[in-house]
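Going by the order they are written in, the chains are A, B, C, D, E and F; count residues from 1 in each one.
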Amino acid sequence: MRRMIRWFPAALMIILNSSLLFADETAAAVSYKTPPIDFLWMVLAAFLVFFMQPGFALVETGFTRAKNAGNIIMKNLMDFSVGSIAFFVIGYGLMYGDSISAFIGGSNFFLSDAAPLLPKAVNGVVDNSGMLMYAQWIFQAVFAATAATIVSGGMAERTKFTTYLIFSFLITAFIYPISGHWIWQGDGWLTKLGFQDFAGSTVVHSVGGWAAMIGALFLGPRIGKYGPDGKPRAIPGHNIPLAALGVFILWFGWFGFNPGSTLTASGRDGFSMAFIAVNTSLAAAAGAVAAMITIWIRAGKPDVSMSLNGALAGLVGITAGCAFVSPQSSIIIGLISGVVVVLSVQFFDFVLKIDDPVGAVSVHGVCGALGTILVGIFADTNYGGGMNGLLNGGGFKLLGVQAIGILSVFVWTVATCGILFFILKKTIGLRVERNEELRGLDIEEHGMESYSGFQIFRNQ
Amino acid sequence: MRRMIRWFPAALMIILNSSLLFADETAAAVSYKTPPIDFLWMVLAAFLVFFMQPGFALVETGFTRAKNAGNIIMKNLMDFSVGSIAFFVIGYGLMYGDSISAFIGGSNFFLSDAAPLLPKAVNGVVDNSGMLMYAQWIFQAVFAATAATIVSGGMAERTKFTTYLIFSFLITAFIYPISGHWIWQGDGWLTKLGFQDFAGSTVVHSVGGWAAMIGALFLGPRIGKYGPDGKPRAIPGHNIPLAALGVFILWFGWFGFNPGSTLTASGRDGFSMAFIAVNTSLAAAAGAVAAMITIWIRAGKPDVSMSLNGALAGLVGITAGCAFVSPQSSIIIGLISGVVVVLSVQFFDFVLKIDDPVGAVSVHGVCGALGTILVGIFADTNYGGGMNGLLNGGGFKLLGVQAIGILSVFVWTVATCGILFFILKKTIGLRVERNEELRGLDIEEHGMESYSGFQIFRNQ
Amino acid sequence: MRRMIRWFPAALMIILNSSLLFADETAAAVSYKTPPIDFLWMVLAAFLVFFMQPGFALVETGFTRAKNAGNIIMKNLMDFSVGSIAFFVIGYGLMYGDSISAFIGGSNFFLSDAAPLLPKAVNGVVDNSGMLMYAQWIFQAVFAATAATIVSGGMAERTKFTTYLIFSFLITAFIYPISGHWIWQGDGWLTKLGFQDFAGSTVVHSVGGWAAMIGALFLGPRIGKYGPDGKPRAIPGHNIPLAALGVFILWFGWFGFNPGSTLTASGRDGFSMAFIAVNTSLAAAAGAVAAMITIWIRAGKPDVSMSLNGALAGLVGITAGCAFVSPQSSIIIGLISGVVVVLSVQFFDFVLKIDDPVGAVSVHGVCGALGTILVGIFADTNYGGGMNGLLNGGGFKLLGVQAIGILSVFVWTVATCGILFFILKKTIGLRVERNEELRGLDIEEHGMESYSGFQIFRNQ
Amino acid sequence: MKLIIAYIQPEKLNDVKQELFKNEIKKMSVTNSLGCGQQGGFHETYRGVDIEVNLLQKIRLEIAVNNDFVDQTVKAIIKGAKSGNIGDGKIFIVSLDNCIRIRTEEEGEEAIG
Amino acid sequence: MKLIIAYIQPEKLNDVKQELFKNEIKKMSVTNSLGCGQQGGFHETYRGVDIEVNLLQKIRLEIAVNNDFVDQTVKAIIKGAKSGNIGDGKIFIVSLDNCIRIRTEEEGEEAIG
Amino acid sequence: MKLIIAYIQPEKLNDVKQELFKNEIKKMSVTNSLGCGQQGGFHETYRGVDIEVNLLQKIRLEIAVNNDFVDQTVKAIIKGAKSGNIGDGKIFIVSLDNCIRIRTEEEGEEAIG
């Protein structure tokens, strides 16, 4: 067997007698440690999760004002760009490198453990783990970018661009990977405790959500968000169709996020991609319906943007448990998330007065935690996970572990982001000038308009 | 073999020695009744079809007025959300449950026949049908949602939101599944007759299109659509780029709709996904070109929105026969559909005076029926289907069966929707007040604006 | 073994005992020359590349003025529609048909060599190449369409619609396939020289880019682009969020473009899809960052549209070498592309005064050539390709070959497009009237507005 | 010559235009405007938070007419725009010193119609 | 009666409205406008090319008041809009011949408020 | 002081601006407007159905000038905007009672330029 296949320019292969190329497998009856279909599924799922980036960008753009549209776009582009390089250089090693005290990874920076070459077969099996690591990296990188990009929504319309760039780098390089290590690296301390977060309600969404919360808190509300009487005022988003497209794209991408987290398409674990997809979609649907009804009752009208948030809340809520619960439970989890997200948005708006323009804290932070805790209630070993929740006779054990995990990640994120934003505020500053905010970040930070030629009212 | 694999938190598996996990297959040489690649293809195709939802939402939004954009978005979000829960609870059972008199399914509600556990292997083969059913459900659910969402386009800009919600529930729970049962369940009476509708020109698109027609008929035209002289007046859509994006997204999603309907990626039937994709894309291209030329001749200019409709017409037209005809025939089918859709839109507009803002009736109803009948002409057993059409020496037999199928579905949909809309009209009402229509459904039904800050002329 | 499997109407199969259908493979232990997973990967990658079409449409729409939005959309729709039919009839045969003197293909028009039937197994292997050719065609067709659609960007806002239609037909039918034959058909003269262009930096992007350059040159700049003093004036794009969505969609689609160019998902070549995806994404990220910094330095602000171009530049730059270089090199290639695209855009704007509204020439032409030449520097046989670049001890050999390839394609495209545009200009004309340009192509060429109801300033 | 400026409800534009046409007044200019008047504003909600919308969308008409047309113009506007509800709008009348048709460079009463 | 037309910076609209409200002037009409004035224009860049933006976004206010309200209206606008920088805007005052409330058909000073 | 209101074709704005600049008239305000005039409207089609577009996009200019500038302003506008076709537009002239520069609170002729 050739250890290295000569690469032909792409489409060329079509013409060559392909039997030559596949001679390796078919003829020699060599098998691979990880089958091709797992590679395929992992990269396809990664592509879908990547596609969530424009989903977030559109939701955040649509729910904020026209004068800041280019800025929010730019933040979304850059948190992915800066973030994925940071994750390549540092983050992935801290998250999945060899564990130091179950707390942090310490190897595999720059993907140093990956290898594009295949070793000789041993007992007819070729160990293709070196090549698999690339698939794992791209899959994990888009998850890391998801956590980072959530933050831009909560901090929209008033954050300095350079500050945001620095923050993006740091969350993807350090904050996200370290708590991720605890839960998703086999030797992490929360893994060992039995904490269950299948696709990242806590690992990804809560981290992003809590970071957004601290960011919004340090920034203070947008000018005009609270009247002199302290009552919140609505600052309507400027492009609901774009925001809705964003939500649909996220929903679509989530089919990579959750089902893709099987990390395999073969064997029983691979087959479960099917029911995970069902659970994911049903929870999103239930979340949208529940949020619509809740806001209908509370505000008298079926608010579009809240219903869209409801779908996202359902998706975030089911993310932790999508592989461990029945479709029926998924619907219930979705419904709960949909109700909670509305109450939470209003709680942050009216009571805590943390100005979160797109509801990022409630959708990702609160519903991420909620979904994680609900695993402790609805988990069913018939579906997966190895531990039953409260309703399936598992008692309070899993519930307790889940609570510990949620709390640890909350404390970690709040503490690190708190320190970080404090330092950034004291040094280069978090927030643009009042005048810049009023005129809009597009003109002030980027010297451009997003909708050139359109007549737009730009007061407020 | 373990009957149940313990679930590890997602990304964790990366670290574990994966050989353990795949021990099942490789070591024990167990095989599965349905191979993993079929699962993968089925869920991926389902994701693509899901993505048609925002495609429809954008087309409908772009082709209608800015003052109703949020409302149409909301209808699209909710017909999927309400609909997929309805299909889980009732619809799927009626469609694919055990047949009662070849007319209606009667089991498997709440997916009660699915099972997340794998049984023991029998003769080295594990029957994974219980897990496969989840994949089948998600695939079928997104088809059901497609039928439902078509209706919102034809009824756009004047339908009461609550009425639409109720209708969405009913079509996905009852109307679509029952006629679907006739054609796509092995024991359905049309299946037995030999009716051929590979991916749903009739099952999905015609049902949606005819329902839209009845809805538009009961509603009456939008204010200002017909002058005092009875002549139609154009009510231009407000966002052609968004509509175009919608069409491209639909085209993309159709690659899940048609090729995905092989339901398998293995064996000869799996390989045919390739030529089905070719047929699908060529028909769409031909439809766009033909519609452009037709409207160019008739109106003097190459109308953008009509050409976009032409691409959709080609897609709908090829859906029934994509697996049964040659690429050359696909181009012809696309061309015919592109011409017909323009004539049909004008026929509904000028002669029947049924106001269908986005052309849903012509695209989905008319071209759906057209595509189905054309199977009877172009079908070629070299490609698939087992029965030749008129041009390939099959005589009029298939043509006759196709006609019966089209007619039955037409009658079924028109009758059920007719009764339904009649009742809805007499009870809670179909249409918003004149004033609400004039001011726009966004403000009246949802209390919001879709393009806050933009200056928009809102008269008419 | 049945040579022809009877086709059942789509979803029907679900119900049938599927073991019957798979009997072929499992029972008879038949294997296929090309495994099912390769079909799956090839069509999925084709779908992703297809999805780049709306990506291009949105970028071009967003970066130009509102008054021409419908026109640019229409051009994008039609270059794909007309082009894919042209590629079916003529182009594919010229590109991949049997080679005549290593210069042009001469068979397989209308896909005459493809076959939807499977032959009998020989030695237990069924040759499914006839069915595979459909997959190859759809994959190649979307590449051809990519080259064609690039041109509409450089010629935006002033080109006659009919002229553009004719040009689209000719580039997809003749110009692109012939130079493509040299490089991607096994017998092409550049292939034989050892020219390396894995996924088409030169084959696809440079061809499109140089064609756009010649088109823009023959057209002359848009009215108002250059002041009486000859200095360029900015003509801002009208919808930056849509353009950004376009860029993200392109990035997403590029995961089909580059990794999909393995054309196989099995064996070592299939596994490399993973590192190719990593390389692709890192280069795009690096390109975005580098372009942002470059324009920040040169213009004082981090321009959004330039940064978006930077991401595309990184993608185009890595396309030739994505399978031959390390992730580290990919980052460097991305960075170089990001810097160069900015300098190039300004060079064309300020020095050459070729008015390229969306930067198509710089992104696709210049960075396509750049990426191809960089293969000669960074190529590393550990990753693939069989020839090391300058930095990996391969000397100047590969560099020389790459230069020859780039030059040949440049000369070919410039010459053929030059003649073509010259003839078109002298006959039906390239450019709309001054008045049509001022009032906008939407109203003049298509009789419509793209944003009906919105108040838009339409001067200039 | 007078310049008549009228603020009306957007949904009344067509009715007003028809009334004006009936009176042979076929020239006018229309602008979008936000109005703040007795109508006070209504309450929308966005994401569950009230918006006191006190700038309501209005249509602003500008019609230049000769003096003997003023009355019928005003009446036509009122006929088309009046619903009896708050927010129906206002009409303002300003004296015009001159009017010039750009195409022909005609001035004064000639140029108006 | 006078018609007061004021061009102000968009970001000052809220301040101006508040000052007007304090003076019991609660009726006005607001339009978007592009202004070309002493402010000259500023330089944006788009894709590295300068744009001499000499049409700046302004808000145009139209307020019809009775004569004894003119002074305080002008003062309120100045108070809300003045920052001392170029581009603060202008106020123009035109005489109104008449004013009609469409809803009630009242005319003159009655109708203004 | 006069307020000159001009409706012109959108594509003529740049030409008009240039003519005005040549005459040292550098201050103006620009609004979008839909015009209904002799031009009648043209026929678009949308999806094969005619649209009688009788509200055509126009640019509305507002220029306040001192009396001795009126003539040259009007001429400059005509020079820039005239094509001789129907739809070229109209110019209306209204007397200004006063003009105030917000920044300096200057009044009258001082404030205009």
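Note that in this section a residue touches a chain if its C-beta (ideal position, glycine included) is under 8 Å from a C-beta of that chain, and two chains touch if they have at least 3 such contacts.
Keep in mind that this is a model prediction, so the values were computed, not measured.
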Among the other chains, which touch chain B and chain C together?
A, F
Applying the touch definition from the top, give me the chains sitting in contact with each of chain D and chain E.
A, F
What's the minimum number of touch steps needed to get from chain A to chain F?
2
Chain B and chain A are one sequence twice: same or different residues at the contact, by the over-half rule?
different
When contacts are scored as defined above, which chain pair ends up with more C-beta pairs, C-E or A-E?
C-E
For chain B and chain E, what's the span in angstrom between their mean Cα positions?
53
Using mean C-alpha positions as chain centres, tell me how far chain B is from chain D in Å, no decimals.
47
Could you please state the distance in Å, as a whole number, between where the Cα atoms of chain A are centred and where those of chain C are centred?
30
Provide the C-alpha centroid distance between chain E and chain F, rounded to the nearest whole angstrom.
18
Of all the residues in chain E, which ones touch at least 2 other chains?
30-32, 34, 44-46, 94-95
For chain A, what residues touch not just one other chain but two or more?
37, 40, 44, 236-237, 239, 245, 299-301, 303, 305, 447-449, 451, 454-458
Can you tell me, using the touch rule above, whether these chains form a line, ring, star, complete graph or other shape?
other
Name the touching chain pairs, please: which are they?
A-B, A-C, A-D, A-E, B-C, B-D, B-F, C-E, C-F, D-E, D-F, E-F
In the complex formed with chain A, which residues of chain B make contact?
4-7, 9-16, 18-19, 21-22, 24-26, 32, 36-37, 39-40, 42-44, 46-47, 50-51, 53-54, 57-58, 61, 69-71, 73-74, 76-78, 80-82, 84-85, 88, 110-111, 114, 116-118, 128, 131-132, 134-135, 137-138, 141, 161, 239, 242, 245, 445-455
Quick check: in the complex, which residue numbers of chain D touch chain F?
3, 17, 26-32, 62, 64, 94-103, 105, 111
Complex contact set, residues of chain D against chain A:
32, 34, 44-52
Residues of chain E that touch chain F when the two form their complex
2, 5-8, 31-38, 55, 58, 60, 74, 77-78, 81-95
Which stretch or stretches of chain A touch chain D in the complex?
232-237, 295, 298-301, 303, 305-306, 309, 342, 345-346, 349, 359, 455, 457
